[in-house]
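I've put the structures underneath this note.
Below are two complexes that have chain A in common, paired first with chain B and then with chain C.
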Partner chain A sequence: MQNSMPLLEVKNLVKTFPVKGGFFGKTVGEVHALSGVSLFLGKGEIVGLVGESGCGKTTLGRTILKLTEPTDGKIIFHGKNITSYSAEQMRPLRREMQIVFQDPYASLNPRMTIGNAISEPLKVHKIVPRKELKEKVLELLSVVGLKEDAYYKYPHEFSGGQRQRIGIARALSVNPKLVVADEPVSALDVSIQAQIINLLSDLNQQFGLSLLFISHDLKVVRHISHRVMVMYLGRVMEVLDAGDLSEAKHPYTVSLLSAVPVADPKHKRKRIILAGDVPSPLNPPSGCVFHTRCPMAIERCKTEIPLLREAEKDNQVACHLV
Partner chain B sequence: MQDIIEVKNLTTELTLGDVHVPVVNDVSFKIRPGEVYALVGESGCGKSMTALSIMRLVPEPPAKIVGGEILLHPKNGGSSNLLKLTEKEMRGVRGNRIAMIFQEPMTSLNPVFTIGDQITEAIILHQHLSKKQALANAIEMLNTVGIPNPTQRVSQYPHELSGGMRQRVMIAMALSCKPELLIADEPTTALDVTIQAQILELILKLVHDFSMSLLLITHDLGIVAEFAKQVAVMYAGQIVEQSSVLDLFANTKHPYTKGLLDSVPMPFKQDGKLTSIPGMVPDLFELPKGCAYQDRCEKVHRDCKEIRPQLLGKNLKHRYRCFFPYAK
Partner chain C sequence: MTKQISYVQLIFRQYWNSWINRFGLICVCFLFAVAIFSPLLSNDYPYFLKKNGKEYFPILTQIFPFSTWIHYADLEGIDFKKIVLEGDDRIVFPPIPYSPTEYNLDEPLVAPSSKHWMGTDEQGRDVTSRLVYGSQISLSVGFVAVGIYVLLGVIVGALAGYYGGKVDMIVSRAMEIIMCFPTFFLILAVLAFIGPSLYNIMFIIGITGWTGIARLVRADFLKLRNQDFVTAVIASGAKPVRVIFKHILPNTLAPVMVSASFGVASAILVESSLSYLGFGVQPPTPSWGDILSQSRDFMDIAWWLTIFPGVAIFITITAFNLVGEGLRDAIDPRLKTGQ
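So, the complex of A and B:
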């Protein structure tokens, strides 16, 4: 997939947020949300983005969609460099890239029927003639596994899982090429989580939907993705084929994996417990950002930033010791 | 060995208008000294209400404990039924003999008091120590739960600490009076995976060191498998399966338990499609006649729609509420 033209290519993306303080609101510091992140995503591919809170995964998703402006770097979508596109220029592109949010409760307007909520993007982008609007919405509802009577209902009449289906239907309504799903199952119960994961997998297989799947849950990411990208404090630690996760090289990926409780009481293994908390992105550590918690860190890690380089197969890793 | 706590036929009802609905329905379990007992289920299954009922903290109204017994058996004898205690007597139990850790460490700490104030409050109240002694105890507890520089930390406010640190403070507070039973309600759900691992290991170590028992409430079967010894699976207010953890995983009986187990992706096995449970948790106000799980069950039968199954095997170690359990 690396050879064909990727649907999305991100090069050295940097995003800093100013921290205002003092009487006149002077900038007193910078939050380093993304420090040189590169990524490519092929057509029909699902890339999983995993990391702990504050690692920049949500910022990356939002910056790719230009919901926040990047500080530096390049975003190439479908061959077009959209990095400096204005909101006006972005508008026609919006139908090609959509987002599904984490909180299915907050992302639907409580005063809009589901029919209206899903028709809105269809109207804005003039996808279908007005006469066929309802038909198209009903078709979308059936794609995501909701009944027709949902059309006239309001968001409060649905459960969390159903609302997430509505969010997905709304994102799909404009036939996007790319969907960024930001923690789409985190707010849902386990049995419902599986339903939504299966739905996204099906959409990928049936319609070739490309997906950037953002989650903190390594189990879920590994299950749904083709490739997995592990982030820590705004930097990419490792990119690898989802099937290779059990042979991950980077100490952070390894400890993340070992921290996930396994639903099998006979499964015995050594758990690597990372000491301390994730450092503040206001003042990230020098050298390798992970060195303060890394069980294998050496002197070199404190001073020199490890570059992301090719490892086995097409995998990439950023560590001095691998 | 005698059990630390015995919950017998506990029933807690929720009242809306003149409709009464049991949110905790005939729940029974016992916890041995030093044992980790897990209560697992999805949101709305009644697991948190069970915990709040044991603490007698159910919001009343609309909820009310309407039946059953909660017997606390202290090590030095003299059992008491918590449901029969006066509010004043109950205050001597809460935080002292049974302590609780909640899911959200930010909302369960008071933002306008230092963490030292909040930990010493319970110590002064229950152990009648002076403020100075209590503060020394608090510092020692903070040290036990792995908070660096405890002497400085006692004078800090909750917002100055990270999520993991706040949960450590909650644990220090809960353990400050050396309770016999600790109830942890989703203690790590709001935390990152690597912090979750730290906190769970810490709780387990302390449970062992202080020889406490732990009632662990969670939705994560991975946590159950790794940390608990006994387990009860709840659905729509009732226990649907109850056994040792090893048995629950090796010899699953109830279709709901099996459905839950199948919907969790395994981190090391490549698998095709996840098996999901169709539909969703039923509304407790509109529970069907018969088994509460019938609409989502793959083994549903005519009988399931007519008769509500009982928890079978009253004296056996493995009990389940199903007419058509899975064979071994």
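So, the complex of A and C:
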């Protein structure tokens, strides 16, 4: 599945949010949401992005789509450097990159019928003639497994899982090459999660859709992705093949994996419980951002930032100990 | 496949569920009907006259004053009230056979009777007729003024809320400055300069009233522009105009509608107050405030001059407020599909 032709390449992406304070709204600090993130996404590839809440996963997803402006770094989509594209320049490109949101209750306009909501991107890009709009929308509804009568209904008439399908149908309407799925299943219960994940997986196989699948759930990511990228506090800790997850090198990945429950009551395993909280992105730790919680931290970790490097084939780790 | 129910139909069904909403809407419709058909309801020209074997429709000359094809040369200068009917001559008057400006010094301050339903004023003008024509003034001031300021307020508020930053700063400060003026006295002062007229009143209420609407719309836009469904539209490549007017605006209309219907009520009140103070619509044009103003001198002997216009203003304002509140509930996004 892994194709050498990159669809998306992100190089050293930095995003900081200014913190305004004081009477005249002076900038008093900066939130370091992303500090030099690099990413590579091939055609038809699913990359899973995992990390704790607040580690910059969502910011990365939105910055790639230029829904928030990057502070520094490069975003190369389809060979085009779109980093400094204006909103006007981005508009025609938007039909090739879409987003699916975490909260299915907030992602649909409560005043719009499903038919209108799904056909909106089609109307914006004038892809389908007006007469065939409805037909196309009904087709999309059936792709995501919804009944035809959804067309005239309003979002409040649907459950969370159905709404998430609607969100996916909307994202697919323009036949995008890349979909950023921003925690598409974390608001859903387990049985629905499986349906949505299988749906995304099918779409990937059928249409060769590339996915950046953001989640905080390693179990889900392992199931759907080809490659997994682990983030912590705005930095990439480890990138590896989904199949090799059990051989992860980075202490953070290892501790995350040890927290995944196993469906066997007799199973004994060593849990690595991380002490303390995620440090504030307002004032990230020096050196390796993980050193404050790392069970194996050495003196060097406090001063020197570890670079992401190839530890093994298809396994990049940012750790001094590997 | 279920039948398509448009959004407007859905709102209407929801609105119609409650009797108090129905009452409000019926009152407003009644007022509109009265205002539109006032020349037919109240006129000193008869609907129909048959005299000397010839048939006339004199009221048409009043309804179409500039038409040339309805012209009765032989009726010129005739007083229809004093016409002598012989043989099969017939005359049919409107329900209120007086014009609002028709004075009759023989009948000043006549109490309500079958001849004058709501009595007459000190010049013998029929109060019913004046009230009927006054509804035209009230409703047109209410709607045009509110129309102007809703349009202004929505556009300004939407731009401020959507773009934020400097645009928002400038607009918000401008709104605060305008809100510092005591509106009513500003209107009085401006009218003193540009002269009291119906259009000036509409214009001034229109350009001073938009701040309330703009604040509502701005606040909603600030809240909504970061919602996922708006981001989704931006991510699908829509232009700002489409995002603002098609996707965000419909979600902010509920408070605007409520505010607008309260606005119609208060604009009618302002017009009445101005007329009461003599700065409004100039006599002899009938206006509710103007009738109230006259009643001051005769309050102890002519109660009907106070009660009827007062009740008319009261009902109108209540009706618009009821409609506003009913709409607010009906536009609620958690709509039931209705029966």
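By definition in this document, the second predicted complex is superposed on the first by the 319 of 322 C-alpha atoms of A that agree within 3 Å, B and C clash if a C-alpha of one lies under 4 Å from a C-alpha of the other, contacts with A are read in each partner's own complex, and residues count from 1 in each chain.
Everything below uses one rule, namely that a residue touches a chain if its C-beta (ideal position, glycine included) is under 8 Å from a C-beta of that chain, and two chains touch if they have at least 3 such contacts.
Just so it is clear, the structure is predicted and the values come from calculations on it, not from any experiment.
Taken together through their common chain A, the two structures put chain B and chain C side by side without a clash. Look at A:222: by the touch rule set out above, it reaches chain B but stays clear of chain C.
With both structures placed on the common chain, the touch criterion links A:131 to neither chain B nor chain C.
Of the two partner chains, neither chain B nor chain C is touched by A:270. In the superposed model, A:107 lies in contact with chain C only, and not with chain B. By the touch criterion stated above, A:194 is placed in contact with chain B alone, chain C being left untouched. Of the two partner chains, chain B is the only one touched by A:52; chain C is not.
For the three-chain arrangement built by superposition, the Cα-centre angle with chain A at its corner and chain B and chain C at its ends equals 80°, in steps of 10. Between chain B and chain C in the chain A overlay, the least Cα distance found is 15 Å.
For the contact definition in use here, the chain B contact set and the chain C contact set of chain A share no residue. Per the touch definition, chain A reaches chain C in the complex via residues 62, 65, 67, 90-95, 97-99, 101-103, 106-112, 117, 120-121, 124-125, 148-149, 151-154, 156-157, 167, 170, 174. Touching chain A in their complex are the following residues of chain C: 1-5, 7, 227-229, 231-239, 242, 247, 250-251, 333-335, 337.
Interface of chain B with chain A (complex): residues 42-43, 162, 164-165, 192-198, 200-201, 219-227, 245-246, 249-250, 259-268, 270-271, 273-278, 280-281.
Interface residues of chain A, counted against chain B in their complex, comprise 52-53, 159, 161-162, 189-195, 197-198, 201, 216-220, 222-223, 243, 245-246, 255-267, 271, 273-275, 277-278, 293.
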